[in-house]
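As structure tokens, the structure follows; a few thoughts come after it.
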Amino acid sequence: MNFLSLSEYVPTGIPGMDDMLEKKGIPRGTTIFLAGGPGSGKTTLAIQFLVNGAISNGESGLYVVADETPYRLRTNMMRFGFDIEKLEEAGKLMILDIAPIRYLPREEITIGIGKKFSIKELREKIEESIQKVGGKRVVIDPITVLGFQYTDEVERRYAMIDLLESLSIMRTTNIFVSELKGTGLEREHMFEEYLAQGVILLRNIRIKGRLVRSLQVEKMRGLEIDTQPRPYSISSKGIEVYPEETIL
Amino acid sequence: MNFLSLSEYVPTGIPGMDDMLEKKGIPRGTTIFLAGGPGSGKTTLAIQFLVNGAISNGESGLYVVADETPYRLRTNMMRFGFDIEKLEEAGKLMILDIAPIRYLPREEITIGIGKKFSIKELREKIEESIQKVGGKRVVIDPITVLGFQYTDEVERRYAMIDLLESLSIMRTTNIFVSELKGTGLEREHMFEEYLAQGVILLRNIRIKGRLVRSLQVEKMRGLEIDTQPRPYSISSKGIEVYPEETIL
Amino acid sequence: MNFLSLSEYVPTGIPGMDDMLEKKGIPRGTTIFLAGGPGSGKTTLAIQFLVNGAISNGESGLYVVADETPYRLRTNMMRFGFDIEKLEEAGKLMILDIAPIRYLPREEITIGIGKKFSIKELREKIEESIQKVGGKRVVIDPITVLGFQYTDEVERRYAMIDLLESLSIMRTTNIFVSELKGTGLEREHMFEEYLAQGVILLRNIRIKGRLVRSLQVEKMRGLEIDTQPRPYSISSKGIEVYPEETIL
Amino acid sequence: MNFLSLSEYVPTGIPGMDDMLEKKGIPRGTTIFLAGGPGSGKTTLAIQFLVNGAISNGESGLYVVADETPYRLRTNMMRFGFDIEKLEEAGKLMILDIAPIRYLPREEITIGIGKKFSIKELREKIEESIQKVGGKRVVIDPITVLGFQYTDEVERRYAMIDLLESLSIMRTTNIFVSELKGTGLEREHMFEEYLAQGVILLRNIRIKGRLVRSLQVEKMRGLEIDTQPRPYSISSKGIEVYPEETIL
Amino acid sequence: MNFLSLSEYVPTGIPGMDDMLEKKGIPRGTTIFLAGGPGSGKTTLAIQFLVNGAISNGESGLYVVADETPYRLRTNMMRFGFDIEKLEEAGKLMILDIAPIRYLPREEITIGIGKKFSIKELREKIEESIQKVGGKRVVIDPITVLGFQYTDEVERRYAMIDLLESLSIMRTTNIFVSELKGTGLEREHMFEEYLAQGVILLRNIRIKGRLVRSLQVEKMRGLEIDTQPRPYSISSKGIEVYPEETIL
Amino acid sequence: MNFLSLSEYVPTGIPGMDDMLEKKGIPRGTTIFLAGGPGSGKTTLAIQFLVNGAISNGESGLYVVADETPYRLRTNMMRFGFDIEKLEEAGKLMILDIAPIRYLPREEITIGIGKKFSIKELREKIEESIQKVGGKRVVIDPITVLGFQYTDEVERRYAMIDLLESLSIMRTTNIFVSELKGTGLEREHMFEEYLAQGVILLRNIRIKGRLVRSLQVEKMRGLEIDTQPRPYSISSKGIEVYPEETIL
């Protein structure tokens, strides 16, 4: 059993965040569930993870996108200085568009993989793409779309386990972007929080009438984590976490 | 790829509001989800966006209305000094009535597009209208009616993505007016908040027994926004936001 | 377009209430949604609106009643000095009983319009009655019964729009009496709050252990309103609002 | 129209309670909805109303019981000094047992009116009994059982209106005993609260850790009521209300 | 009518508890609904009631058990000094196992009464057992299992009334053990609370961060009860209540 | 009846935890329901219980795993110094993988027991494994997967009783790992809390803005337990509880 290889850690590339993870990063080969509200910077954080992996760590990345066009994604990320197109051309980043249907003006052409794709098809597409780009890091944004394929909760759980298993075998380090249902601090857990090896929450917490952006590492198997919520900002340089500060 | 054109910004025409958007406005070609309670001034804000666009920025607008008659809309907006009829005659504003059915006294004539129209039909109607008026700004008020066409949540999500995609290709800047489900600060997110590029909330917040009108930019892709709730007023000049004041 | 005629205002006849409506009243030709809990004086307020309209403004009224007998209504209102029978005889007030079924002792005679009437039938009945009495003000009490005809939420919304449209064409000023679902300040909005031009809430608010009757104008299209909750009383003279007082 | 006869009031016979009702009592010919939690004394209050009516006001009463045996009822009430059997023998009180089924040991004999009785049958049974005893006051305890006959909410509402109408024609004064769904102060309204002419709530309110029995007249058509919750006690003399005291 | 026999009281055998019941106990021939959370000592309290009845009052008891094995019950109770086996041998206590199915190793033998028994069968089994042991006290633990036989709420209510009726005729004094749905102080009432003659709640109340065991007599027909929650403990002597202490 | 054997106690091996259990441990032959949120250390606690049992008490253990691979489990636990592989080789610990399906790259081989296994099959598998390893301690992680086999709540309850019964006959001491539904302190009880002989909760409690890990023994049949929540930590040595400290 190759124990040491599994105990390597992948730096997140998010300033301040690795300090919450024993100053190490995410355990290699695991999947992190990243959940946040609208405008919380989930996509920015996930792209930052891929871009910094490609530039600073020489790790190619795969970005699986469902709700956005690759075009708009490239444009949006440019303002953080994330030049996605350049990385794509250099073969260090690949965008896999799994939007079921895309319309072009006056035509209706399905360029996605269809509204009722099977998880098996999706998994195979992702595996192919990982191999093509030699990917070490994978982001699926959002993972929500996966659940739509299954009305049955049990099926959904097994599909998630299958996908986690498959990526585990590929030895990639992954972020699954997810959507929080509501604004409250008290909330129902999503079943993925139990299945993923790590869970990170991005929330807007109301402190004396002000809203404070707060990042919390809820769970990270294989690490002694700081589970306190910590403030973070979204600026022109992307996400930055302040691991020494409290949100109070 | 035309990067610069996308990074242009559209001034909202709402006094004080652009200050919350890096003093720039809404990124051109994106869709804003504007959600508020009854009497929160959603329609006023949306019309103000169109009227000021037409008058101050030379951008024609399309107002897609579902629950109100164009007649009453024109009258109501007159008191804010928004002369819709004049703009219509000048070809700078167009009202598209998508109410499924309209009754005239003693007769029953369907002058809308029928109760069970498809999103494709609606989309095509909107596209035609945009082209006719040369529209740069679009408002759909309320977007709620769209959801009624789909009992299935997944279908609803895809229909919304289709519509967003279509408008994105038309390069218009859009406001989708939506209805908040309840009065509480803690609330469930609507899935549209995740799909739209921006989210603005209009709420009546209870501060020591008084109700204070508060506008919050929850999300705006491509901008460093002020996410704090800020007070606003509805006066004879329309909506005005006070970006320097706190609601406390 | 007859702009000025629409901008006339209808005095409510409720002492103190017009002060919350720019000292003008309700915009003519619009519909107000009046929602309150049991015993909050909804019916009293609505009748007061009709009686004062008939006596002070020379405007005839139509009262559409579903859950009460006309007989008991007349008796109950007598104690506020509202002599309904006299106004009926003078042709200034008309009661339209839409209770689906009324029992007389030992017999079972349907004198209403049947349990499964269509909205179209109801609308036509109301239109006929308005024309008969030359009605300028209409009350439907409660509007709840309308919703019972439709199990489907979309159908219910369209039926409400149809009715609002129809009354709008008749140019009457209307109050739709509705029932609040619960006692809490935080509550789900009813869809009618979005469709009606105005919304008034009657609630019993708990202030330091005491219950205080509070009237709030949540919405009134075409007016700069006072949206703060204000105390009101129910005395032998009917409803009185105290627009200068806070409920704290 | 016999206005004065309707404006008579029926003394409740509950010490302190008439003080909350303009020192008059319940308007004759109306129905009061009495809702409370388990052990709140609903049945005691209702019986007290009947017994005092028979003894002090010479008004015969009808007690319609669904969940209890007449035998146990008689015994339980004896400790408050309410000698039901004596009043029955004197023809001043009648118990109508509408329990659908009653078991005798080793036999199974249906002595009620069957599990799926119609409201019409129940109404006729009640009318017959009122005429037999010459009843002026009627209690149905609990009214909950009525709702069980109808799965459809609309049907349930109409059945309630039918019953209220029928009793109104009999000119009896009535208490419908009902069960509160939960312990919280914030609660959903029951539709009967809107239909009945009066609503009285019996609750156990938590004041600084102690539970205080509180009676609140939420609604009483035709009276200027004290709507504040007032403390009450259940002692060997039955229910007593303290109308001058606050529950704080 | 045998009034006095019904007014006898059965001492509970729980130290401190009779003080909350006019120092008398539970009215003979009635049924108490005992609801509590996991680990609240419901079973201990119920067994204590039976054991003390057998030892101190010479009243034989029947314990109807659904979720536990008689074997483990005997063992668990031994540590409180309740020697169930000895009482069984002396014919003073009988355990009726109504678990639908019990497995023995490697075999599957149904020794219960089957998963879909009827209430009538259960009632007859209980009646037989009461007669066999000459039982004066009966415990059913938990009563929850009864509800499983009926998907329909109305059927469930009638089945409960039938069972209460049947035991009432047997003149036994009974405790029905039930499970609280949640941990909150605000809660929905269970319909059994309205049907049973008495209701006792065992809860863990959070007082300034500490959890305090609290017993509350919510209802007891025929007694002037102390309805305040009082602290209790579970020690090696079983349950003890402190009727003079407040939980604050 | 072998009373003394049942009253033996099994030390948990979790530092500080036995102090909350009369300094004894878990009663031998019972099942503990261990519920916690994501990242609360449920699996770590359960493995610690097995490993310490094997090393310090000479009791072999069986770990039944559903959502994780044995491979990753071994790796994760290594960092706490729990050398699972060594114990497996020594025949002191056995891992039973009941994941319904496991994928190998490019192949799809079902190596689990299938998605729709019966509880009877699972029970037999567990019994076989216990006998093979001579197991005295059993962990099922998570028990959640069991519920998926039954859509009907009643069936689920009976299946749980069957499994508890079966393990009781095997005389093993067991931990069933379960997932909390939400983050709130007020919560619905899971029915397993009523069936298991013990319940332990792992929660993250918000104290003045900080999150504090808290362990609470909610229930433990046969022991006088400390039911107060106590702080615990997860360090490189596994779980440690601080039974003398309060979480305030």
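A, B, C, D, E and F label the chains in the order they appear, each numbered from 1.
Just so it is clear, a contact is a pair of C-beta atoms (placed from the backbone, for glycine too) under 8 Å apart; a residue touches a chain by one contact, two chains touch by 3 or more.
Since the structure is predicted, the reported quantities are computational estimates derived from the model, not experimental observations.
Counting one step per pair of touching chains, how far is chain D from chain B at the shortest?
Tracing touching chains, the least step count from chain B to chain D comes to 2.
Treat each pair of touching chains as one step and give the shortest count from chain A to chain E.
Tracing touching chains, the least step count from chain A to chain E comes to 2.
In terms of residue numbering, is the interface formed by chain C and chain D classified as same (over half shared) or different (under half shared)?
Here the answer is different, because the shared fraction of interface numbers falls below one half.
Rotation angle, chain E onto chain F: superpose the C-alpha atoms of these two copies and give the value as a multiple of 5 degrees.
In short, 60 degrees.
Could you work out how far the Cα centre of chain B sits from that of chain C, in whole Å?
Each chain's C-alpha centroid was found; their separation is 30 Å.
When you check chain A against every other chain, which residues touch at least two of them?
Within chain A, no residue touches at least two other chains.
For the complex, give me every residue of chain E touching chain F.
Residues in contact with chain F: 37-39, 67, 69, 71-72, 74-76, 78-79, 85, 99-105, 108, 115, 142, 144, 148, 179-184, 204, 206, 208-211, 213, 234-236.
Any idea which chain B residues touch chain A in the complex?
Where chain B meets chain A, its residues are 1, 3, 6-7, 120, 127, 153-154, 157-158, 161-162, 165-166, 168-170, 185-189, 191, 193-195, 199, 218-222, 224-225, 227-229, 246-248.
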